[in-house]
Amino acid sequence: MVIVMKAGATDTEIDGVRQHVESCGARTYFTRDGGRAALACPNPPKPLLDTALAALPGVEATAPWGTPYRLASRQFAPPGGRTVIRFGDGPRATVGGPELLVIAGPCSVEESATLREAAWSVRHAGAGALRGGAFKPRTSPYAFQGLGVEGLRRLAEVRRETGLPVVTEVIDPRHVEVVAEHADVLQIGARNMQNTALLSEVARVRRPVLLKRGLSATITELLLAAEYVLSQGNPDVILCERGIRSFETAVRYTLDVAAIPVLRRESHLPVIVDPSHAAGRSDLVAPLALAAVAAGADGLIVEVHPRPEAAWSDGKQSLDLTQFGALMRSVRSIALAAGRTFAGPRADHPGVPSSARQVEGV
Amino acid sequence: MVIVMKAGATDTEIDGVRQHVESCGARTYFTRDGGRAALACPNPPKPLLDTALAALPGVEATAPWGTPYRLASRQFAPPGGRTVIRFGDGPRATVGGPELLVIAGPCSVEESATLREAAWSVRHAGAGALRGGAFKPRTSPYAFQGLGVEGLRRLAEVRRETGLPVVTEVIDPRHVEVVAEHADVLQIGARNMQNTALLSEVARVRRPVLLKRGLSATITELLLAAEYVLSQGNPDVILCERGIRSFETAVRYTLDVAAIPVLRRESHLPVIVDPSHAAGRSDLVAPLALAAVAAGADGLIVEVHPRPEAAWSDGKQSLDLTQFGALMRSVRSIALAAGRTFAGPRADHPGVPSSARQVEGV
Amino acid sequence: MVIVMKAGATDTEIDGVRQHVESCGARTYFTRDGGRAALACPNPPKPLLDTALAALPGVEATAPWGTPYRLASRQFAPPGGRTVIRFGDGPRATVGGPELLVIAGPCSVEESATLREAAWSVRHAGAGALRGGAFKPRTSPYAFQGLGVEGLRRLAEVRRETGLPVVTEVIDPRHVEVVAEHADVLQIGARNMQNTALLSEVARVRRPVLLKRGLSATITELLLAAEYVLSQGNPDVILCERGIRSFETAVRYTLDVAAIPVLRRESHLPVIVDPSHAAGRSDLVAPLALAAVAAGADGLIVEVHPRPEAAWSDGKQSLDLTQFGALMRSVRSIALAAGRTFAGPRADHPGVPSSARQVEGV
Amino acid sequence: MVIVMKAGATDTEIDGVRQHVESCGARTYFTRDGGRAALACPNPPKPLLDTALAALPGVEATAPWGTPYRLASRQFAPPGGRTVIRFGDGPRATVGGPELLVIAGPCSVEESATLREAAWSVRHAGAGALRGGAFKPRTSPYAFQGLGVEGLRRLAEVRRETGLPVVTEVIDPRHVEVVAEHADVLQIGARNMQNTALLSEVARVRRPVLLKRGLSATITELLLAAEYVLSQGNPDVILCERGIRSFETAVRYTLDVAAIPVLRRESHLPVIVDPSHAAGRSDLVAPLALAAVAAGADGLIVEVHPRPEAAWSDGKQSLDLTQFGALMRSVRSIALAAGRTFAGPRADHPGVPSSARQVEGV
């Protein structure tokens, strides 16, 4: 339910309505409907529904939600029309605004030296954040499951050194606290998109959540999963399209590029794309990344490894440092043509960086 | 890795090999390869791989696994060729053997009286176990999320009264213990099939696990999810086909009836089918159930509610008590024609049971 | 549009309405709405829409179609509720009534001796019609494209000898006439389900059409394809579910077993199932066939070859003669349990027939 | 089979090998393998396979095809690596080279005036060819089936006036000749992608073929359908990705943007994209079109109508003339950023063209 105030309603009137709603046991969100103030109540309890709200001072009307998701819908956009999320202390770690964000790094956290090399290199090439998995949700119990807390420590260490904020996955509600201590953004993987216990737990920490679309989740289901987080108190959800299951076997997943504009029309939340997991093979990462940017994505999350052939997981789809540098130059061209800002590689970016220079730091 | 012993290998030789394997840090499983003893080691560590096993007394040869799943594969079937799982104290709560198992009950646990009515009625009609959700994984955060622990208590109470063992879903690793205290079988829902934290936790309790196939999980992925449970110590996994996502919109999900024979060829684990969630509408439950039995399913799990139109969730796909009675008679005909045993409705089953008689008990 | 006549409308009144409709340029179909006569007009032209029909003598009301397909819908069922199609001179070549129909034979027409052997054998085993492809729609231009008209001649010859009616595919509108001369039922393959030029052409001959569902056709699209045939004058369409495309790779196509009851609820046309193309492997043909019969299919179309390993096409999914005999015994059990009649194998059916006996004839 | 000649093989030697191959009844194609001459034979007959080819003068070796398609594969690319197709007399009707091609126009041919208005307008906005359907393959027999030959005449008339080459669909092998007389490019629709009778017929005319991917065709199947045309004598096939069937319902079809780079890696044929049919709604056409260009598409085919709300078919997904002008400016930016040439709108293009100016002509 959205309670729309009359034009010129006073703060006292708005406060009065808010107090009434909260006395019925519901949470309120301040928003605007055109030029008028409005109070949104995503899950109105019976006493509120029974109230003659139009009789309260300053109330113009009430409106139902037109979509199964509520806080995630455009109807509940913040001023400016889109949610912009800032995280970490990096100069570029903003997503949802005019600047494109690129998150890059290895699939798994491995040796600290490898992680450090990857981090410096992707930073030089223009990435705004570092990705790396410490807890890995694997299809087989016999596959490498990640370094766990030790992996988190290595991420935090490299974050201190490079200044790059860190995005990492959480797969167990009991780990949310420790992951939030070491990382800047908590990732929910595709296979956990509807793990409601986990969604409720990440809703309770003050870290943005990067929520990946499930392998066969509809766009509506993705927004409802985001709604679990939003409605339990965490307003910072980054949506991520990463490919869906289809009959085609030439790629690992079918990147649903239309999901980008659809999500941006339906929701105010930032939308990024993971071309690496969609493609499942490194030679297709660049065309998918460029398509995503052209279609309006707010960012990319890309797997990069100094030596993909030696990666502990997902080497087949990881770009090496040179390939990533080349990708970033192409991304910059398309981003600018698409009306985005994007700093791209540093002026002194060595193009094909020597490992030696990378680890010396900025 | 499977270590096959020579024909006539002695117990001492077998023990010697087992001790060696375990000294390398691996778990062993005793099995048979044709007439010969064999030791299976699903995840052989490096020291074991480096051992010249053929030099150990009594060893004939080693063989690799031919499938990504190992303990779930036919290669590792128990004597008799198939895993038979018994649970509860009910006379019919066996699955995987010659007798068909039918699990039935409401989608959600609601009022005790409703649950009791459903339970007596499905028992009279020939069901071997009662289903009912206390923790509900819902697509929307605004939908009814289940009664939680109170729901478990109601299930346990009705179990005591009717003698029917109880199957209920667990959605949070922190709830596994309390659910295992109140229920006989722990269900993992389709959306949690690859929730590895949850799979690892249910592997630690001594309760069978009913594992539903994910909405877009391949058969191999389902077996690998089962492998998470098996390889961490719980041998009792019941696989459940419940429909997959496809382009067709006439039904809620496309029942993959071929998954039944494929799973039974690939694995020794029992395979049951949920026609209610596949169909999403009650008029299609019977034909899907009958198809499943004809294709070789070991059992069914069916949503039944005394008054579907008043159900707190999934009423659209629930059978009423009369419809369920009719279904059970049809199931019996097909089961017998398919070479199964199935007791079916009690001799004194009232056909269209009056609510009064049902709650008087057996 | 359906024009419903008043109870007790006279033949003269009905004729008057029909003449009016036809004078507007539309075709009429006589049907019944409950106990009252009705005239259906699937594609009403503007002059008819502009007519004040209620003013014509004997007219009660007009009703729009509730479904995109019209003649195919249950609303337009013949007396008895279902279309029953008879073809050929064989004693069992009826589909849509109480008796199950099994159509069997090789994928392609090959040597006459092989075809003859297959035909006698499937006839002994209880098949009601012979299948065999003369014109083959192949994915690759380099694959065997069928024997063409020579294949038709061989089919007609074996039809004469065995008395079995023949079902064969037509892939080109220019071949419809010659195929209709040699065969009893014209098959439209899955890849041609929406080949409207071909559908229009088979609508013009007096042969039943076996219409296979396209690989990704919805049930509504299948019925609309049938409507192309019905609305252009051929009332005898047999619908065939043969598996759809999904992400699962364990089978060639995913048999949509729910399509059987859905089609039977939506339409009065007979529904048969092709388990061979769905499975793509012979070991799954039997469970899929039995599932189809249990779910209510009116018939089956099965690939059978005397020596599958030597078949010119689709050998991998063909049953040999022994396997087919065994299948027919299982089909009979399930069919009877499902309330069907099915003659099944002849009393003197040799079980595992010797080739010698087969070719001697009945 | 590819027969690779020795470095320095003479013309006489090459001719000798060709004559031998053709005497075996096979067609040959001259190609190159690195620096050496080679003769490709897509479908080698038995006498050729039995020949000791290595004994012929100048032959170095033979190599099998590595893919099910042959002439469509990269192994058989023309000099320059890609097939460039020119058609009509328009200055920009080239596809497969550096310049992007945009084909635009209404779904169906309607009134001549409407078609003329659309044609002049899309020409001014930078389109290189005009699309418009005269024979329409519709899902329902009751939907508008196109104007047929009269539609072809209107297309040809507007072609004469505007100089824009015409792309139109053919749905019946018996119409190929008349369509080829009136149009420059013959389109095969998605539902006819595996209509082998039609593919064989368009292979016989000297017009490029625009081949749309089937709704659930794999990339390999699309290339095999192209191979039907190539292997029967028509080398000019334009591949078109137009969205595939998936479970997602927010869009009509899921645009498989990865198919663009995959097709360009697997084949030398031009690859274009139809964002209009994929989206099924006009507001998504632009983001999908831009994504396609960024991913490397050689062109676009877009539905444009002067008054979409009054279109005889597909109005929901048609751009109006203003929207198309805006799209072309965006396409130009992305095309240039992606390294393509693209003339885009004429310098004197009026931006939001007044209908009056459009029909005055260039």
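Think of it as A, B, C and D in the order they're written, each chain with its own count starting at 1.
To be clear about the criterion, a residue touches a chain if its C-beta (ideal position, glycine included) is under 8 Å from a C-beta of that chain, and two chains touch if they have at least 3 such contacts.
No experiment lies behind these values; they were computed from the predicted model shown.
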More contacts between chains, A-C or A-B: A-B
Identity of the chain that, by mean CA position, is farthest from chain C: A
Where chain A and chain B are represented by their mean Cα positions, the distance between them in whole Å: 36
Whole-Å gap separating chain A and chain C, where each centre is the average of the chain's CA atoms: 51
For chain A, residues that touch 2 or more chains besides their own: 216, 244-247, 249
Chain D-facing residues of chain A, complex: 216, 218-220, 244-251, 254-262, 265, 278-279, 283-284, 287-288, 290-296, 333-334, 336-338
Chain B contact footprint on chain D (complex, rising order): 216, 245-247, 249
Of chain D, residues touching chain C in the complex: 42-43, 68-70, 137-142, 145, 171-174, 191-198, 214-216, 221, 224, 227-228, 231-232, 244-245
